[in-house]
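Chains: A, B, C, D and E, in written order; residue numbering restarts at 1 for each.
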Amino acid sequence: MPRFIKKTSQKVGLPPGTLIHVGEKRTDKITISLMDYDEKQFQEKPIEDAEEAFPLKDEPTVTWINISGIPEVDLMEKIGKHFEIHSLTLEDILNTAQRPKMEDFDHYVYLVMKMLCLDKEQDAVHSEQVSLVLGPNFLISFQEQPGDVFDSIRERIRKSKGRIRKTGCDYLTYALMDSLVDKYFVILEHFGEKMEVLEEDLLDNPTREILESIHNMKREMIFLRKRVWPLREVIGSLTRGGSSLVRESTAVYLRDVYDHTIQVIDTIESFRDVLAGMLDIYLSTVSNKMNEVMKVLTIIATIFIPLTFLAGIYGMNFKYMPELEWRWGYFAVWSVMIAIFVMLLFYFRRKKWI
Amino acid sequence: MPRFIKKTSQKVGLPPGTLIHVGEKRTDKITISLMDYDEKQFQEKPIEDAEEAFPLKDEPTVTWINISGIPEVDLMEKIGKHFEIHSLTLEDILNTAQRPKMEDFDHYVYLVMKMLCLDKEQDAVHSEQVSLVLGPNFLISFQEQPGDVFDSIRERIRKSKGRIRKTGCDYLTYALMDSLVDKYFVILEHFGEKMEVLEEDLLDNPTREILESIHNMKREMIFLRKRVWPLREVIGSLTRGGSSLVRESTAVYLRDVYDHTIQVIDTIESFRDVLAGMLDIYLSTVSNKMNEVMKVLTIIATIFIPLTFLAGIYGMNFKYMPELEWRWGYFAVWSVMIAIFVMLLFYFRRKKWI
Amino acid sequence: MPRFIKKTSQKVGLPPGTLIHVGEKRTDKITISLMDYDEKQFQEKPIEDAEEAFPLKDEPTVTWINISGIPEVDLMEKIGKHFEIHSLTLEDILNTAQRPKMEDFDHYVYLVMKMLCLDKEQDAVHSEQVSLVLGPNFLISFQEQPGDVFDSIRERIRKSKGRIRKTGCDYLTYALMDSLVDKYFVILEHFGEKMEVLEEDLLDNPTREILESIHNMKREMIFLRKRVWPLREVIGSLTRGGSSLVRESTAVYLRDVYDHTIQVIDTIESFRDVLAGMLDIYLSTVSNKMNEVMKVLTIIATIFIPLTFLAGIYGMNFKYMPELEWRWGYFAVWSVMIAIFVMLLFYFRRKKWI
Amino acid sequence: MPRFIKKTSQKVGLPPGTLIHVGEKRTDKITISLMDYDEKQFQEKPIEDAEEAFPLKDEPTVTWINISGIPEVDLMEKIGKHFEIHSLTLEDILNTAQRPKMEDFDHYVYLVMKMLCLDKEQDAVHSEQVSLVLGPNFLISFQEQPGDVFDSIRERIRKSKGRIRKTGCDYLTYALMDSLVDKYFVILEHFGEKMEVLEEDLLDNPTREILESIHNMKREMIFLRKRVWPLREVIGSLTRGGSSLVRESTAVYLRDVYDHTIQVIDTIESFRDVLAGMLDIYLSTVSNKMNEVMKVLTIIATIFIPLTFLAGIYGMNFKYMPELEWRWGYFAVWSVMIAIFVMLLFYFRRKKWI
Amino acid sequence: MPRFIKKTSQKVGLPPGTLIHVGEKRTDKITISLMDYDEKQFQEKPIEDAEEAFPLKDEPTVTWINISGIPEVDLMEKIGKHFEIHSLTLEDILNTAQRPKMEDFDHYVYLVMKMLCLDKEQDAVHSEQVSLVLGPNFLISFQEQPGDVFDSIRERIRKSKGRIRKTGCDYLTYALMDSLVDKYFVILEHFGEKMEVLEEDLLDNPTREILESIHNMKREMIFLRKRVWPLREVIGSLTRGGSSLVRESTAVYLRDVYDHTIQVIDTIESFRDVLAGMLDIYLSTVSNKMNEVMKVLTIIATIFIPLTFLAGIYGMNFKYMPELEWRWGYFAVWSVMIAIFVMLLFYFRRKKWI
């Protein structure tokens, strides 16, 4: 599986609006669920065929169609035709290698976001694309895989908790966006905890594995940042009245998501700074260890090399070496050696090497 | 305790406006104090129940309600209802992991700031959130913990020092903001002094502890910067007439706080540059020491290894080694050795190694 | 062949509008092809002389003249005169060292883009300039070399696939731009795959060749970025209504190319970050290996130098050395040596060097 | 004396507008000088009491009051009252830890600038704050210390050189600003010359002192930049008609100072780049020296360690060592040793180590 | 000669508009040449006194006065008076340490540019200031030194090549600017070629000289960038209708120079990136060589130190050493030594050190 880039070359040469799925296919089955509500009434059902929901398009109630899995081309075409969705939008929905973005087509707004899931077993972050098509009184959401991320929102609709049943499609859109951004905090907390563990290990014993972990986290931060950064702009332009489909009262809530996004970006930046600092500590710890090794070598060599030389001298076999005949010669050599040894010890002590 | 990130995942999945406290709970007791004044009259009392202050809302006098500690949810709801505060604001007040920000809701302005306290014993900087809700003639301030940071302002109100009694709520808000920003200078001075001590130590004896101190201060600067940077924007937008609740005459004062904030940011940036320079000096000092160690090793080894070889030669036991029989052979070898020694010394001197 | 800069000095001192070709001449032959179509009719032919196409200029049909190879000066002049193209534009078309840009001359828009081709045999990326002159109902495209990049578009025109026959010149321009930008993804995928291979090699065995590959890829990223970055602005200004020749309905499509360009830039930036990380890993791996080498040296030297000294002592030839006479002297020395050996092993074990 | 930050915490908790002096007090005596002129008349006198100048406020002549030293609080209050200066401005004048800034209070403009003086004996740059209060026909300037920086301007007024007597207060303000910015060039030239000396030393013999000088200069550049950078904005906004007190004809001159400021910033940036380059050269020179040291060690050790081993072999005392009995054994060993020596020399030569 | 900064302090304290020459004086002689033309007529002559050209000021023909060398003060004053040039402009013309800039004085535009000349003998880039004063129908150009850079333009005027005789002063200004910017490409090509040579040398044999060349080129890039960067803004503002003296039809041509300037900046940036990459390669090559040296040392020392120890053992003179008496003791020791040698070789092979 290519890790650094998704295969997008398979579309090269096709006319725009050609509907083919780009990206990894994670599931074959698609499931469609429908919710339709206003303040007073509410219905919910899984549906087989998207067409069942079509008549609700022009009802004043809020209609939320959620499609999990990669839909077939003809389903997309039917939806596109009925809800008057531009062929480029349909194409983008199927291309799961999109960047987060917002496109305003007057009669609907198209939003691309990234859902991040933490796979705790593999210790990896998975990214999934969520596309939202917000119309005057309908919202169609596309997920790559069925999942439970929107369950709490469904619960709030069913039980009419909070303002959700009293407001329109734009508030529902906000609710979905909010739940996606909330997920980012879970990921960041996971990384934060991992970094604390790493940092303690780093001070204890800097191994090569720690270095690799730091680099991996740095890279994850780069990819996370790439996914979150454009979101800021997307939500920002929605907040500043980027579309007539978003009411003033909802903009206040979107401003809240915007703040959360900024906080996510802030945290990512802080994490990057902390990781850079950890890398510096790693490098200087390794270099410190090296120094220590060199010092031991130097001390040992500097002490024993001259002494060995001295012993070598009196190992020579010259016929006339007066010292060898001396009564106390051997002990005199020992004394000289011990004196040299002590002097070198003092020298190293003064240099603060030992 | 997570150091790099506050737990915010506990809110995931809840509808917006749900009032639960996010962050570390530092105290259980909440204390509410009330000040009510205009140029002529003045009353001050600790109150048990916030509702005692409610009737003052519509009086033309300035009403300042200060709440220390994390209020209960139903207290928040009562305040929210009486002062017409948006549920998102109430939620943000309870979430102490906010970023500094300003939100203008026309009939009130919501301000989040960070109060920094220096804990000299633990040599740590604590951050606490202060929320201000500025209405036409009331100001509600929320602190995480009771503290004396606003005491000097209370004193000025009591004694009617300066302009404070002659002006409105916006000036009071300015006074609170000013006292928070003043605190930052205390923190920065503490760091500045610490850096000077560190720098002297660094030049004397660069130890691993100094390296860690430098990295810790770098990180503190990153977190400080993260807290102060958004403040610039917050105060800037208030100054540029961001809200109708801030009068022109107060904007002049806010401009003063704005200048202070810029100065704080400037100082943080300078500190970061100085710390980066200290890191460079540390690294090059360590590398210099290493060089010195290597030089000693090389000098000793380069002198004695050839000499030891020479001694080894005449330690061989060959039957026919003419030199061994020579009368002055031993002394000749010594002369050669001394000559080599002196030549090497000259060589090292010319290379500037000794 | 100069790699870092194209020869452009040959034009120094000539008046503006002087038509001479700047850059490497890749082919001598020029081929001109003509397509003329609207929704109902369609003709296509290779033509010898560009003048054959001149009468079509004022027809309401879309006329697409594609010129491959570097045209002669008098051909350029004829085209310039008939289609009222400014002499600076003609000059720019012949100068293949241009930066991507858009120039709006009211009655036509001049676009310069770079086509990138991957030469898989030489593992190199070639860059070729494509100039587009978009008029009210004609489009003249200039390629440096004949190639098949636009074949799929020709096919779409012939078979009237998609919207292409139903729309005007601006949509054709979009189609050409889109096919060029699509090519960039192919290049990036190639680099992405190469990086993955490199990364695995890096962790296995960091050689000098890998270092050079990393640096080469870094440089390719710099040159790629230089080519793509200005495109963003070019397409951006077309999208924002930079010219009256681009209809609103086409702007939607251009926004799509714009998104792709952003995605290309994003990917290049990510690749640069990843490459920087790989460089860090390379350097720390090399430094780790060095440390290991030093440790081996130190361990061996630290163990055997003192032992050799001890052996040297008892190799001395003093007449009075009591130990030599002892019965178990030799074995005692062996014991001492083994004791020293074991102690040093323990010492190194404790230091975690072995 | 704190070097990295000025004591500003002494003001914490005081109401705004409280007049206390912040910063180092350099002198106790204050001197006030007065100049009053128009095209025809001119008077100049040192005055004891600032009140002597008060009646000139509303005269149409240009009145320049220059106050050196830190004025007493009641003097400031009197001036503030008579010239209608806001209490925040008075406070800022006494706080000499300000950032360069401009504040427009409609009836006067307040300017803070930094005067830099080179203390050639201590080889240090001193910074002093200069505050200017520009009214419709008066200018009050505050210096921390008496100095002669404005003497040339006084001379121009006395002798009516140039346009100065023919123009108003705004031109006088420009003249003062210009003379302050001119001082920066003197400082930069001093640094430029110092850098050239340093650079030559660096290539000759890179010592630790040079490293410290480079780091000191880097830090001075950081602090210089901090002082000059905001000036750009200050003068820029004056030039762009930031105040009605600055006439169009003077704006041309301010544009000139603006250009000078840009040039100062440009030069500081270039100096920083040059210093960074010098640091790189220092580091690679040190690392090169290290390499040379290592090479010498390796050559000596690699040559003599095997030879010493060989000598050791024939120093063994085995009873049955055939070589020892050989007639030419000793000379054979010498030949082998010389052969090894020569081979190793060739090897090192081929590796380009010698 | 100061290299890093031009002497500008000599002007400190002088009133603005004081005409003294700042910078190195390169020539004493000044030469003035005059060209006067419109579409039909043309005259050209070297003139002694600038006053000869004065009557042409108000003629409808284009009058181009080119002054090479540093003019005397009274000549400047005469020109200034006749052509109504502001004293600050006159001052700037004489100050050859200017930054490229444009100043619009309504009745004339003042342009400062830098001409770069490559001195191939000294392998250095010289910078010379060119000032242009563009009036409604005159252009005065000031060069520091006589040179032939404008000769091709004179030739075009004489022979009425291109549009030059058919257009006004603004087009002439464009032509001069274009010829200056064209010169930059020559410089860049020279650097590009030098870099390619350097790069090949770098891979072959990284010497200290190459390091210095890289650093010198980096510095030249910094200074080049400093000279070209402001030009972008200057030409940009002329293009965007910065002055009424520049006609719409000329703006198209200026846009062309603007593109060239961007291309120059782009190339400089690329060169800086390439140089940074070369520095990285240099450093890692040096560090690789160091590693190789260390490996050789370690291999030799690790092999021979234990063997020498073994030889030392049997060189001891103990009376009772059973091995010495053994018949095959000597050969046994040799066998052990060879075994150790082979084992270590295997060990190093496995570690991939040899």
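Quick note on the criterion: a contact is a pair of C-beta atoms (placed from the backbone, for glycine too) under 8 Å apart; a residue touches a chain by one contact, two chains touch by 3 or more.
Note that the structure is a prediction, hence the values are computed from the model and not measured.
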{"item": "Smallest count of steps, each to a touching chain, taking chain C to chain E", "value": "1"}
{"item": "Superposition rotation for chain A onto chain E, Cα-based, multiple of 5°", "value": "145"}
{"item": "Shared interface numbering between chain E and chain D [over half = same, under half = different]", "value": "different"}
{"item": "Chain B-chain C separation of Cα centroids, rounded to whole Å", "value": "42"}
{"item": "Distance between chain centroids, defined by C-alpha means - chain A, chain D (Å)", "value": "42"}
{"item": "Centroid distance [mean C-alpha coordinates] between chain C and chain A, Å", "value": "26"}
{"item": "Overlap residues in chain B, where contacts from two or more other chains coincide", "value": "287, 290, 294, 297, 301, 305, 308, 312, 315-317, 321"}
{"item": "Topology of the chain contact graph, where touching chains are joined (line, ring, star, complete, other)", "value": "ring"}
{"item": "Cyclic chain order when read starting with chain D and heading to chain E", "value": "D, E, C, A, B"}
{"item": "Chain B partner contacts - residues on chain D that touch it in the complex", "value": "2-5, 7-9, 11-18, 86, 88, 92, 97-99, 101, 103, 105, 205, 208, 211-212, 215, 218-219, 222-223, 226, 279, 282-283, 286-287, 289-290, 292-294, 296-297, 300-301, 304-305, 307-308, 311-312, 314-317, 321, 323-330, 333"}
{"item": "For the chain B and chain D complex, residues of the former touching the latter", "value": "152, 156, 161-164, 174-175, 178-179, 182-183, 185-186, 188-189, 192-193, 195-196, 252-253, 255-256, 259, 262-263, 266-267, 269-271, 273-274, 277, 280-281, 284, 287-288, 290-291, 294-295, 297-298, 301-302, 305-306, 308-309, 312-313, 315-321, 351-353"}
